[in-house]
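Note sheet for the following structure.
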Amino acid sequence: MQISKSFIEQYNDDNLKAHQRKLDFSTSEIENSEAIIKQLVDFQIAIPSWALGTGGTRFGRFPGGGEPRSLEEKIEDVGLLHALNQASGAISLHIPWDIPTDANAIRNLAAQHGLKFDAVNSNTFQDQADQALSYKFGSLQNVNKAIRKQAVDHNIEVIKHGIELGSDSLTVWLSDGSCFPGQLNFRKAFQNTLEGLQEIYAALPSNWKMFVEYKCAEPNFYSTTVGDWGQSLLYASKLGEKAYTLVDLGHHLPNANIEQIVSLLLMEGKLGGFHFNDSKYGDDDLTAGALKPYQLFLIFNELVEGMNARNMNHAKDLGWMIDASHNVKDPLEDLLQSVEAIMMAYAQALSVDRQALEIAQNENDTVRCQEILQNAFRTDVRALVAEASLRAGGALNPIGLFRNLKVRENLIKERGFKTIATGL
Amino acid sequence: MQISKSFIEQYNDDNLKAHQRKLDFSTSEIENSEAIIKQLVDFQIAIPSWALGTGGTRFGRFPGGGEPRSLEEKIEDVGLLHALNQASGAISLHIPWDIPTDANAIRNLAAQHGLKFDAVNSNTFQDQADQALSYKFGSLQNVNKAIRKQAVDHNIEVIKHGIELGSDSLTVWLSDGSCFPGQLNFRKAFQNTLEGLQEIYAALPSNWKMFVEYKCAEPNFYSTTVGDWGQSLLYASKLGEKAYTLVDLGHHLPNANIEQIVSLLLMEGKLGGFHFNDSKYGDDDLTAGALKPYQLFLIFNELVEGMNARNMNHAKDLGWMIDASHNVKDPLEDLLQSVEAIMMAYAQALSVDRQALEIAQNENDTVRCQEILQNAFRTDVRALVAEASLRAGGALNPIGLFRNLKVRENLIKERGFKTIATGL
Amino acid sequence: MQISKSFIEQYNDDNLKAHQRKLDFSTSEIENSEAIIKQLVDFQIAIPSWALGTGGTRFGRFPGGGEPRSLEEKIEDVGLLHALNQASGAISLHIPWDIPTDANAIRNLAAQHGLKFDAVNSNTFQDQADQALSYKFGSLQNVNKAIRKQAVDHNIEVIKHGIELGSDSLTVWLSDGSCFPGQLNFRKAFQNTLEGLQEIYAALPSNWKMFVEYKCAEPNFYSTTVGDWGQSLLYASKLGEKAYTLVDLGHHLPNANIEQIVSLLLMEGKLGGFHFNDSKYGDDDLTAGALKPYQLFLIFNELVEGMNARNMNHAKDLGWMIDASHNVKDPLEDLLQSVEAIMMAYAQALSVDRQALEIAQNENDTVRCQEILQNAFRTDVRALVAEASLRAGGALNPIGLFRNLKVRENLIKERGFKTIATGL
Amino acid sequence: MQISKSFIEQYNDDNLKAHQRKLDFSTSEIENSEAIIKQLVDFQIAIPSWALGTGGTRFGRFPGGGEPRSLEEKIEDVGLLHALNQASGAISLHIPWDIPTDANAIRNLAAQHGLKFDAVNSNTFQDQADQALSYKFGSLQNVNKAIRKQAVDHNIEVIKHGIELGSDSLTVWLSDGSCFPGQLNFRKAFQNTLEGLQEIYAALPSNWKMFVEYKCAEPNFYSTTVGDWGQSLLYASKLGEKAYTLVDLGHHLPNANIEQIVSLLLMEGKLGGFHFNDSKYGDDDLTAGALKPYQLFLIFNELVEGMNARNMNHAKDLGWMIDASHNVKDPLEDLLQSVEAIMMAYAQALSVDRQALEIAQNENDTVRCQEILQNAFRTDVRALVAEASLRAGGALNPIGLFRNLKVRENLIKERGFKTIATGL
C-alpha cells in the first residue's frame, strides 16, 4: 500500500482552517516559531525495523494483523509513516533479521520512499539456526575465544551490509552479563568485550561511527557488561574518536537523571545518539512521551543547549532512533505517536528562552528557572509540529489520516491477518 | 503586609488584554471551559503552616529572610497567597508548633484573610523541650505504654485545638518504625499503633475525619509502621467510617503507580485527602508538578473520574493540602507555583472527554485512550486558571504580582532578615 | 532414571565421618539443634512443573538437554530431586501445560516417587492454540464479558484437574493490567476481576484454598490489576475465608520490606503461601538465596515468629513453593540449590533465641536485637540440613551426588539433547 | 576512660576455652585460616570522628549520653574501640568540626592510643558561623567565583591541618547539585567543580591522594554534581594520578551492582577507598552488614580479587573507612558491630577458593561458581576474627567486653548525659 499525495492534500485541505487558527495563535505566543518550524522540517527520526510488528513478550505475541513479512514490506511500512509525517525518513536495520538479498534493489526501494538507512544493528543475543557456537554465556565477553571471534565476525558482516545500503553507523548492543554472583570475572569480561569491540572498530569505514549502547539490566540478570553510561564511556574512550555512547531512555536504574547524563556526554563529545521510548518500571519500550513527557522535554532541553554549545547540526550530528515494542497497539500508530511526542519535546526545547534562563541561573533564581522551562513545556506546540508536517508534504494529523485511510485494514487485506514480522 | 484590592485590580487591568486573547483561544478549544472555570473558582488548596519558612535539611537551613515568626504571621503569609490566587483559602496547622494563645483571636484573624482551618497535624516524631518521655523509639508503636499514652494524649489535645479553630479533621503522620532488622516486632508495633489510633479516634467529634498518612521510608529507617496504602487502609478499616487514608505523593517506593492507588482508595470510600508535592528520588517535598507534571495530571484524572462516580463534591469531600519544603526558593513563590500546577492538573483532568474515553476503553483502543488523555494534558489551560483567579478576585499571574509588589522585600523590612519560622 | 537407595547410602557412608564431625560441632553450638532437625525433616517445598526445563527469555531459550518431555517425565524429575534431598515431596502443576490424560495413573506415578500435588496453577496470560478468545487485553479484568467467562471457566477446569490429582489449592496469577495511562479504568478492572474471582471461588471444594498472587509489574506494563499485597488482601478479604494472599519474593517494587508484609499478612490470617526465588532488578526468578540470603532469613524469621504466635503447623498451614527460571544453570541443580538455601534460612530462623529477642525488643536494645538475629544467621547450619536429609533417606549433599551419579548425562541419554520442556 | 590491658586479658582468659574450640573447628574447615588471621591482624578500618555521637535527623537528635565533647574525647573514643578490637587504628577527621588547637598534642594523644590519622574531610555543605559567603547554591559548582574560591581555600586549609596531623589523603564530598530542573547548567556546574578540584589538587603534597566521593542524591535534590562512579571517574581522570574515586555503599541508585563498580575502578587503577555502611532505602548510613551482608561479602570478593591482580597491599593501598550514623544505637557499640561485620566479609573473601572459581568461570559452570562463593559466605569465620583480635591484643568479643566494663556508663559519668558531639 502507498498513500498518494492527493489523499494527503485532500485531508489537509479539509483541516486547514482549524489548523491555521491554532497556528496563528501559536505563532503569536512563541517568539521564534518560524525558526522552530524549519528545524522541525529538517528533523528526522529513524524507525527500527523490529518495531513494525507486534512485540514478543515472554508469554507470547498477540499480533494484530497485516505485519510486514519481509524487508521490502518493512521498508514499505516506514514509507507509509514517512508519507504521513515526513519525519521518519530513515530506517534502522537489524542483522540477521533484515539481510537484503539484493542490496541495490533495497536501496532503490528505500529511495522511492524517501528513506535513508540509519545505524545497522548486530545481534549476538540470540542463537541463529545455522550458528556454530552459542551465545548462552555471552558473546564479546565470552571466556571462549572462538565465540568471541564469531561475534566479532558477525559485527563485521553487519558493517558490510550497512556499507552496501549506505548506512554510516553501527549500533552494538550486547546482552552480555551474568545471572549469578561469581559467574563472571567482571574485569576479564570487560577486557574481552573491549578487545572484541576494538576488532570491530578496526573494520569501520573512516566515515562511520560506532554506538556502544548500555543497559542496566536484563530480566534474570545479575550484571550487564555494558551496564551504564560510565562503562559505555570507558569503552568509547578506549576505542577512539569514532566510538560513541548511545542512550536508550529505558536502560537506567530507577530515578536516574538521564538529562544530566546527556549533558555530560555532550560535554565530553561522546554522545552518539538516542533510542527513544518510555517506561514505568524497567526497559518497557513504550511509546515515547507516553508516561514521562516532561522528562523527554528536559532531555531535549539539554540536547539543544549542549548541541548549540558545540555548534552541532541538530539533524545530522546525532543519531535519532526510536526503540519501542508494541503489545497492545497497532505498531504503526504507536510509532506515529512516538514521533509526534519527540517532535513536540524538540519544539518545546527550541522555544526555551535560553538567554533568560542563563540569567536566572546566574542569579540563582530557581523559581524563574523553573518558570522558563515550564512555560516552554506548558505551551501547546502541536500546531508547529503540524505545520512542519504540512510544509514537508505530510499530513496535518498523521494518525488521523492513518485511520481515515484505513491503512491497517488495507495492510491486512494485502498481507493477511496471521503474519508475524521477523525480529523480536 | 497586606495586598490591597486596588493593586490587584490595577495589575489585572494592565494584563487583561493579553489574557483575554488567550482565554478566547482556550474557550474555543476546550468544550466545557466555562464549567471548568467555575470548578476552579471553588477549588481551594490548604497551605501547611510549616511550609512558610525555609526547610531544614540535615545539614542546616539556608533561610531567605522575612519568614513568619509567629502563628499570626503564618496566617498573614497564607493570607497573602490567598489574596494573590484566591485558591489558598485554608491553612493546616501543626501542633505544638502552632498552638494559639487565643483561639478566638486567631480565628478572627484567619477570617479577615478569608481563611479556614484545614486538618490539624500532631507531632510525635520530635521531642519537645517540656516533654516527659522520648519518642526516640517511636510513639504509638512504642513498647512502653506510658509513651504510647503520651502520644495519644497529645493527639487528643491537638483535636481540642482544632475544635477551637473550626477545623474538622486530624492528620496523623507517624515516623514510627525501626532502623534495624530485629528491632521491632512488626505485629506488635501494628497492634500498639492501632490501639493508640482507636483511643484517638474515640475522641474525634462526630463530624470529624481522621487521616492516616502512610510513608514507605524515613532516612536511616529499615521499616515504617504505617508504610504503604495497604497498611493505612488496614488501620482505617479497623478504625471505622471516620478514618481515611491520606496520600502524600512523595511517600512511595520507586515506580509506584500512585494513580491506581488513588482510584482503588476512592472505590473503597477510604480516600481522605492529599499532600501534594513532587520528588525525584525519595520524599523530596519539591514543588508540585515540578518534575512529573503528567503524573500529577493522571492522579487528578483518577480523582475526577472516581469522585464523579461516587457523586462527591470535588471541593469539599476530600482534603487538599500541599506538603512541601523549600531550600532554594522563596517559600511563598514556591507555594504559588505549587497551587498553579495543581490547578492546571485539575483543569486538564476536568477537560478529559470522559465519554470518548469510556468508549475507547471498552473497545480496547489503547491508541485512542492515550490520545484522549494526552490531548487534555497538551492543551494549554493556563488562561482558564488565570480566569478563575480573576473572577474570584485574585491576580491573573500571582507570582508576577508577588514580584511586582516586592512582597518578600516588604516582609524582610517588616520582620527582619534573620527570622526562622518555627516547624521543620 | 531413578536413583537407587543403595547409591545414596553408599554416598552417605563415604561422607559420613566428615559430616558427623561438623554435626557434632553444630549441635554443640545450637541449643535446639535436635528440634530443628526434626522440623527440617517435616518441611517440604513444592517444585513447580515449569521450572524443570530451561527458562525462556524474550530472546529465546538456550536449553541444556535432557529436559522432561511430558508430565510423566516432570514427575520423574521431581522424584529425582526428592530422592536426593527428601525435601521436595510435592509438585505444583500448570494447566494447560500439564493436563494429565489419565489422572489416576499420574497420581500413582507421583505416589511411587513419594510426591503429593501442591497448588494447581491456571494460565490466562497466554493464548492457547484452540482458544476461542484472546487474553491480549487481559482475562478476568477484560471489558468483554465473554472473555472473562472463558477465564473463569478455565480456572474451574483447573480446579477439576486438581481434585482428580489430590491437590487442595488453586493459585491464581494474572498478568492482567495495562500498558498505557488511560487504557484501563482501574476501578472497573478491579471489580471485573473480583467478580471473576468470586465465580471461581464458588467452585472451590470446601477444603480448598485460593491463593491470590500479586505482582507489581510486567515488562511493557504500566499497571497490574493485582499489583501489591494491599490489592491482593482486598480481593482475599472480599472473597472469603478460603482466599489468601500469595507472596512471590520477586514481585515487589525496589526496596520493599517483604518481611514486614509477611508479618502483617500472618497477623491478618491471610498469608496463604510463598513463591521462593531471588532477584536483583525485577522479577528475575533466580535461585532462592543466591543474592539476598539475609532477606530470606529475615522472612523466615517472621514466618516462624508469626506461625508460632498463631499456633500454626509450619509444614502444613502455608503453601511452600519455588518459582524460578533457569537460563544458565542445569534446572535440577538450580532447584537443589534453592531448596538447600530455603532449608538453611528456615533452620537459622528456628535457631533464633526468641525469648532473648523479645526481651531486647522490650528494652529497645537495638544492638542486642541485631546481634541475636545475626548470631543465628552467621551460624553455619549446613550440617543440620544435611542431617535432616540423611535421616529422611536423602543424600548428605544432594548436588554432590547429582553430579557424582551423572544424572544430567543420564537424562540426556534417555531423552535426547534437543528436548524442550513445555511451559514458559 | 581507658581500658587497661589486664581487663582485656582477664576477659579473654575467661572465654578462651570456648574460643579455642571454635577456632579449632574453623581452622579444620578453612584451608588458609592461618594466612587469613594474619591478614586480619594487619587490616585497620578508620573511624570517622562524626560517627561517635548520635546522628542528627531532620527531626532532631535523640542523644544517648556520654558523647565526646571535644576532639580529644573523640580520639579517646576511637582509642577505646581500638583497644577493644585492635582493628580501628585510625581516625578520620572532619574540618571545621575537628580543628586541633595544638596539632602536636593531638598527634601525641592519638599515638598514645595507637591511632593514625586517616583521610581528612572538608565541609562545604554547611555554612559556618563565621563564613563570609553561603553554600546555599553549592560550593565548587557555584556560579559565583568568590564562593568557589572560598570552598577551594577551605579545602586547602583542610590539607594543611591534615599535614600537621600526619594524614595523607583528602576526601572531597560535595552536596553540590540542584533541587529543580533548570536551576543548574549541568555542564558548567561540572566544569566549575573540575576547576575547583584542580586548584585543590595542586595544593596536595606529593605523597597525598585525593578521594572524589560520589552520591546519587540528597533529600530535596534533583541532581548532584558528583552523582555516580562515572562522574567521579571523569573528575579523577582529568585531575591526575593522585586523584581517585571513593565508594560509599549508600550512595547508589536502587539495585546498583556495586561490586561490579568496584571491580572496574580497580581495573582502571582509580579506586581510592571506601565508606562502609548499609542501607535499605537510600543513604541510610546504618551499621555495615546489618541489612545486606552478602553484598558486603561480594564487594570484598571483588576487592581481594582485584587487589591481588594488581599486587596491591590490602591494608595500605586503599582507604578503609566507616561512614555511619546512629539514631537508636550506642555509637560505639554500632561501630564495633560495623568493624566486626567488615572483618568477617574480608575473612570470607580471603577464604574463597580462587583457583577453583577461575576454573568454574572458564567452564561456565555457574552452579559451581555460586557454590564456591556461598561456601565461603556460609562458613562461620567469627573465630578467625576473634583470634586476630586476640593476637593483636584486643578482646575476643569487643562488644561483650564493652558492655561488661560498662563503658558507656563510665563515659556518661565522666562527660555527663546531655552532651552532644560536634558534627552532623
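So that you can tell them apart, the chains are marked A, B, C and D in the order they are listed, and the count of residues begins at 1 in each.
Everything that follows uses one rule, which is that contacts are C-beta pairs under 8 Å (C-beta built on N, C-alpha and C of every residue); 3 or more make two chains touch, one makes a residue touch a chain.
Computed from a prediction, not measured in an experiment: that's the story for all the values here.
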Set of chains whose contacts include both chain C and chain A: B, D
Interface with more contacting C-beta pairs, comparing B-D to C-D: B-D
Approximate Å spacing (C-alpha centroids) for the pair chain C, chain D: 39
Inter-centroid spacing, chain C versus chain B (mean Cα positions, whole Å): 43
Residues within chain A bordering two or more other chains: 136-137, 178-181, 183, 216-217, 222, 254-255, 257, 280-281, 287, 290-291, 294, 328-329, 364, 366, 370
Chain contact graph, described as a line, ring, star, complete graph or other shape: complete
Chain A partner contacts - residues on chain C that touch it in the complex: 55-60, 62, 125-127, 134-137, 175, 178-181, 183, 216-222, 254, 280-287, 290-291, 325, 327-329, 424
Complex interface listing, chain C residues touching chain D: 21-22, 25, 28-29, 254-255, 257, 280-281, 287, 290-294, 328-330, 333-334, 337, 344, 364, 366-367, 370-371, 374, 377-380, 382, 399
Contact set on chain C toward chain B in their complex: 136-137, 143, 178-187, 190-191, 216-217, 222-223, 227-231, 233-234, 253-257, 259-260, 263-264, 266-268, 294, 298, 301-302, 305-306, 309, 357-358, 360-362, 364, 366, 369-370, 372-373
